[in-house]
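Have a look at these structures, which come just after this line.
Next come two complexes built around chain A: one with chain B, the other with chain C.
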Partner chain A sequence: MGYFYTTLKYLAVTLWSVFVIAPFLWAISTSFKDFQSVTNGATYIPWVDFEPTLEGWRALWKSPAQGGVAIVEPFFNSVFVTAAGSAISILLGTLAAYALSRFTFKAGPIRNGDITFFFISQRIMPPVVLAIPFFIMLGKFSLLDTLVGLILVYIVLLMPIAVWIMVDFFNKVPREIDETALIDGCNPYQAFYKVVLPNSIPGIVVAGMFCMIFGWTDFFFSFILTFTEVQLLPVAIVALNSSITPWWSLSAAALVSVAPLVVVAFIVERFLSKGNLSGALK
Partner chain B sequence: MAEIELKNIAHSYNPQAADMNYALDPFNMTWVDGGRYAILGPSGCGKTTMLNIMSGIVQPSEGKLLFDGVDVTTLSTSERNIAQVFQFPVIYGTMTVKQNLAFPLVCRNYEKSVIDAKVQEVAEALSLQGLLKKSASRLTADQKQLISLGRGLVRDDVAAVLMDEPLTVIDPDLKFRLRRQLKEINQKYRSTLIYVTHDQNEAMTFAENIIVMDAGKIVQVGSPAELFDRPKTTFVGYFIGAPAMNFFDCQASGGYMLSIGSAEIMTGTDLSKVGSAPLKLGIRSEYIRIVEAKGANTFTAHVQRVEDMGNYKLVTAVFEGHVTKVKVERDIAVPVDRVELQLPAENCCVYAADILVS
Partner chain C sequence: MNFRHKYMFLLPGLLVLLGILIFPIGFTVRLSLSSWDSFYPGLDFIGIENYIRLFTDDLRFWEAFGRLSMLSLTTVFLQYVIGFSLALMVWKDIVFQRFFRVLFLIPMMTTPVIMTVIWRTFFHESLGPVNDFFNLFGMNPLWLSSEILAKFTVILVEVWQWTPFMFLLLLAGLLSLPKEPYLAASIDGAGPIRTFVYVTFPLMAPISIGAIIIRLIEASKIMDTVYVLTSGGPGTSTETSSFYIFIKGLREFQFGYSAALSLTYLIIMIISFTIIAKILVKLMVRGN
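Up next is the complex of A and B:
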């Protein structure tokens, strides 16, 4: 029974691994193929089934006029919008979360928990509900098809994630930490940034990671709110899927788009694996 | 250091409610500069609320708080110059031990040379010199608690060091050492130490004066000996001492005499004014004597059991329904069935409506 169970377990893990890794292997393989290798039936192993070429990768930073796909600018646009949106969301979200965790708010029947839920509820709504209001508002302020407009939208989308994670984190940080800092001579602001904030770095890192993932992978809003001036990476990659799709460049571009998240995941992995969402300050 | 005076202080956590309950009933209290106090009482009796009012974490619903005659009731926590040590060690985990100890001085913009000197002095007093460069988060619970305490002692201007059950997380063998260290610190720095605990043993061995609280009220203030010998209420009699004080239902029978069932007992209290009100006679198990023959202030009780407690024997005897505990030395032989118990008049406390008749 034990042997059977172990075999079954390993079989399941192997199947799941193949399911997860296969698309990556397929994309890596395709990114080194040329037109012939892609269109003349299925090929798998380089140097055996097909002769690998770097053309698909070279095309990434060539302009369309040179026969390339030009994803360098969309890549850096995505980096800028995601980094700025995430940073501002974390800054505002952390302050909001600290206030919601430490102070009591009352407005009629509304209490702290309701305000926190209000933030989260913005992520519960289907994105399409927000698309038209965002479109109209950005249009009114001439921010359609601009990086600033996208950053503002991303702050709205990402801040609920930051608030949600950080409220939970601060709730687990003992109030005695703040009280001790006040007793030691800090004012409430100093107690926050000198004592509570340095101890909350694991929570901020985790919240930041989620903000970056959601910001980086957003396609819907960047597709709706940009046209010709500004293009983000997901939109640029999807745009490659034209009548004659350059699958080799599309695969290379897709791998480039995944790379930053893999790097981020490795950096923050230790915070996740330690279960550092809990504020073990004592 | 400062003399701390609480004038008509009271606190309710729901002052707006129609059925407002006081967590702390109105009271007056003065903490003498340099004194060593313990606030003792069961959980939920208002000890921590009193401490938090003094440190400014809680604003009292009523009354005034004076430090050396100056009203500090509305001052913020940082403006009061109070140090507080909580039940669980609170350390700044991202800082070293030295940075933790220096933090209160850094917050108050002291010069670096002063900070270094004071940190060194306190580290020596608490035996933390070898740990100064270590990350505070890597220390043991008792070392962390010493840091919490050290942050309170590092300031010269601190009005009092408030400790809220600070030794809860400490191993029993270390507790004794730390309590002794606290006493030495009190003597060295003449700092007012106020120590909250529900452990009578901690309070008795630490404090010069103990404040006993129950259900938001201060029921008695006194030295450990006073609380032990003359509890002002039956609650204090039950709460202080192990085993608790023996209590016998009785009636006054003229002058200093009272009757417990068929036994007539002479007390040290004039009972002529209490009339026929039901009374209770309280006496510690340490003061009841086993005698060989009947005599004044004696009654015959049936021995129920004798327990060997290591350094003494605890005899449980029953007299006309009253269970009586008696502590006797180990080498004294205890009769197996009947025993004559004598209640010395000077150790008898008489209570009317649970209050000591004086």
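Up next is the complex of A and C:
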């Protein structure tokens, strides 16, 4: 490989890295600014361009009445809804995926492949198509603006992802494992619980990560289906954007919301290097 | 393998999904045949009047649809080219390999709307760093409020956000490729470019098609970014189908009409994806 090619490669990789990091650096810098350093044009380096303060970060805990942004409660709402939605989706999705991978289903012209496609095809549905009926339906059951209502909607959002990843995963777990367990005297439930499940941890972890990403980053449904009682983090932050919130607390709030999932990038890379992810994603 | 308890595994998930979905879909169909709006809420029956209006008297919907096609095809194409290049670059022979891989994955882990809020300050026309740079040359581009540049900004943000997803799928594919074809290629004395054209690209075709289709499906739903970044403006120059339906349904509360829009949009989407998938398969696996 020539020098020219290698130079070009490092140049390209460096440029893209700068592009990826730029908004984060800008947000970190902005979160330490005060009124002066924001409104007099762009400033970048603390202590050189401006005098850093912790005002933006302190505002996260204060209520709006005290000039704060109060994102602690939305943060935990988001954690709860994402965790509950993901857990239920993974549980039901894993069971369904196991059935679709191991047993034969037949109902008229419908075969296993069709049922799998039905699950996965829910991802094609644009959120806006479901928004109005969900709005009316949750209203009928008095579930608008509640955590339970959101979790129900998140199951529709996340279960297709869980089924998609787990069907592929189970197809790669050798059938002999289950059959040996059955011969050894397990009933099918025990075979699943004691033998197949422990061998499927990598698949479940990958499915779980994807559910968490798509749950944590969803905005549209929580935006439409909640008003004042329950607020999730993305909605809370976007609401700040439209009010006259100062950029420093806005940036600090945005960073708090983005940080937890950045950890997931490290886990995904781990799986990628070990070759577990390619199996689970194809 | 077969046994009578197999439904115990399948049914919980299937029934929950069907239970939550059947009503919304059935209701949308019925709603699209009514004139439900904020003045006369209720399920009357007006036949296919909404659909006639949609096909004969709603240029804005079709313009939004054209814009959506342009935006999603452009962004997905860019994401594929950039994502594939990046994946090839960090595939092997690079220092700090793991660092770059993690870094390139990070944007897809961030919440699109929240990053968009930051991008808004980044592209702010008088206080943001981008125009601080352009001011050096005496220019002050209107990133969010000129018709052409606003489209460019939306594309840029989408590419930043979702190239990692393409990168992830393609890198996972590259890492699972068999070694033998490469051995054969190097014995035949093929250079890096020939190896890519005749070995890597054909082997990656199925994964590429899958990745492009998945991204197109997700890109066709684009609306969060647009809502926060430009609110569809200036005028309607960045308004996409989802965003237009959102305005009709949940801003102007024309529930009946927006249901008709939703169903038409959904059906067009399903047909387009089928056609695009067929074309991609033809284009990319013609060799075999």
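Note that in this section the second predicted complex is superposed on the first by the 266 of 282 C-alpha atoms of A that agree within 3 Å, B and C clash if a C-alpha of one lies under 4 Å from a C-alpha of the other, contacts with A are read in each partner's own complex, and residues count from 1 in each chain.
The definition used in the following text is that a contact is a pair of C-beta atoms (placed from the backbone, for glycine too) under 8 Å apart; a residue touches a chain by one contact, two chains touch by 3 or more.
Predicted model, so just to flag it, every value in this text is computed and none were measured.
K.L.:
Here chain A is shared; do chain B and chain C fit on it together or clash?
P.N.:
fit
K.L.:
Touching A:Ala42, do we find chain B (first), chain C (second), both, or neither?
P.N.:
Second partner only, chain C.
K.L.:
Return first, second, both or neither, reflecting whether A:Val262 touches chain B, chain C, both chains, or no partner chain.
P.N.:
Once the two structures are laid over each other on A, A:Val262 reaches chain C alone.
K.L.:
Based on the superposed arrangement, let me know which partner A:Leu130 touches: chain B (first), chain C (second), both, or neither?
P.N.:
second
K.L.:
Looking at A:Glu179 after the superposition, I want to know if it touches chain B, chain C, both of them or none. Which is it: first, second, both, neither?
P.N.:
Both chain B and chain C are touched by A:Glu179.
K.L.:
Which holds for A:Ile120: it touches chain B only (first), chain C only (second), both, or neither?
P.N.:
neither
K.L.:
Could you say whether A:Val195 touches chain B, chain C, both of them, or neither, answering first, second, both or neither?
P.N.:
A:Val195 sits against chain B, while chain C stays out of touch.
K.L.:
Quick one: the Cα-centre angle at chain A between chain B and chain C, nearest 10 degrees, please.
P.N.:
90
K.L.:
Considering only touches as defined above, state whether A:Leu15 meets chain B (first), chain C (second), both or neither.
P.N.:
Neither partner.
K.L.:
Chain A residues in contact: does chain B have more, or chain C?
P.N.:
Ranking chain B and chain C by residues of chain A touched puts C first.
K.L.:
Is A:Ala96 touching anything from chain B or chain C once the two structures are fitted on A? First, second, both or neither.
P.N.:
Once the two structures are laid over each other on A, A:Ala96 reaches chain C alone.
K.L.:
Quick check on the superposed model: minimum Cα to Cα separation from chain B to chain C, whole Å please.
P.N.:
Minimum C-alpha separation, chain B to chain C: 7 Å.
K.L.:
For chain A, give the residues common to its interface with chain B and its interface with chain C.
P.N.:
Residues 179, 281-282 of chain A touch both chain B and chain C.
K.L.:
Quick one: which bits of chain A touch chain B in the complex? Just the residue numbers, please.
P.N.:
174, 176-177, 179-187, 190, 194-195, 198-199, 201, 281-282
K.L.:
Which residues of chain C touch chain A in their complex?
P.N.:
Its residues touching chain A are 1-3, 5-10, 12-14, 16-17, 20-21, 23-25, 27-28, 31, 82, 85-86, 89-90, 93-94, 98, 100-115, 117-122, 126-129, 131-132, 160, 168-169, 171-173, 175-176, 192, 207, 210, 217-218, 220-221, 223-224, 228, 241-242, 245-246, 249-250, 255, 258-259, 262-263, 265-266, 269-270, 273.
K.L.:
How about chain B: which of its residues touch chain A in the complex?
P.N.:
Counting only chain B, the residues touching chain A are 55-57, 76-78, 82-84, 86, 88-94, 103-104, 107-108, 144, 148, 151.
K.L.:
Given the complex with chain C, which residues does chain A contribute to the contact?
P.N.:
Residues 1, 5, 9, 12-13, 16-17, 19-23, 26-27, 30, 38-39, 41-42, 44, 92-93, 95-96, 98-100, 102-105, 115, 119, 122-137, 152-153, 155-156, 159, 163, 175, 178-179, 188-189, 192, 213, 216-217, 219-220, 224, 233-234, 237-238, 240-241, 247, 250-251, 254, 257-258, 261-262, 264-266, 268-269, 272-273, 275, 277-279, 281-282 of chain A touch chain C in their complex.
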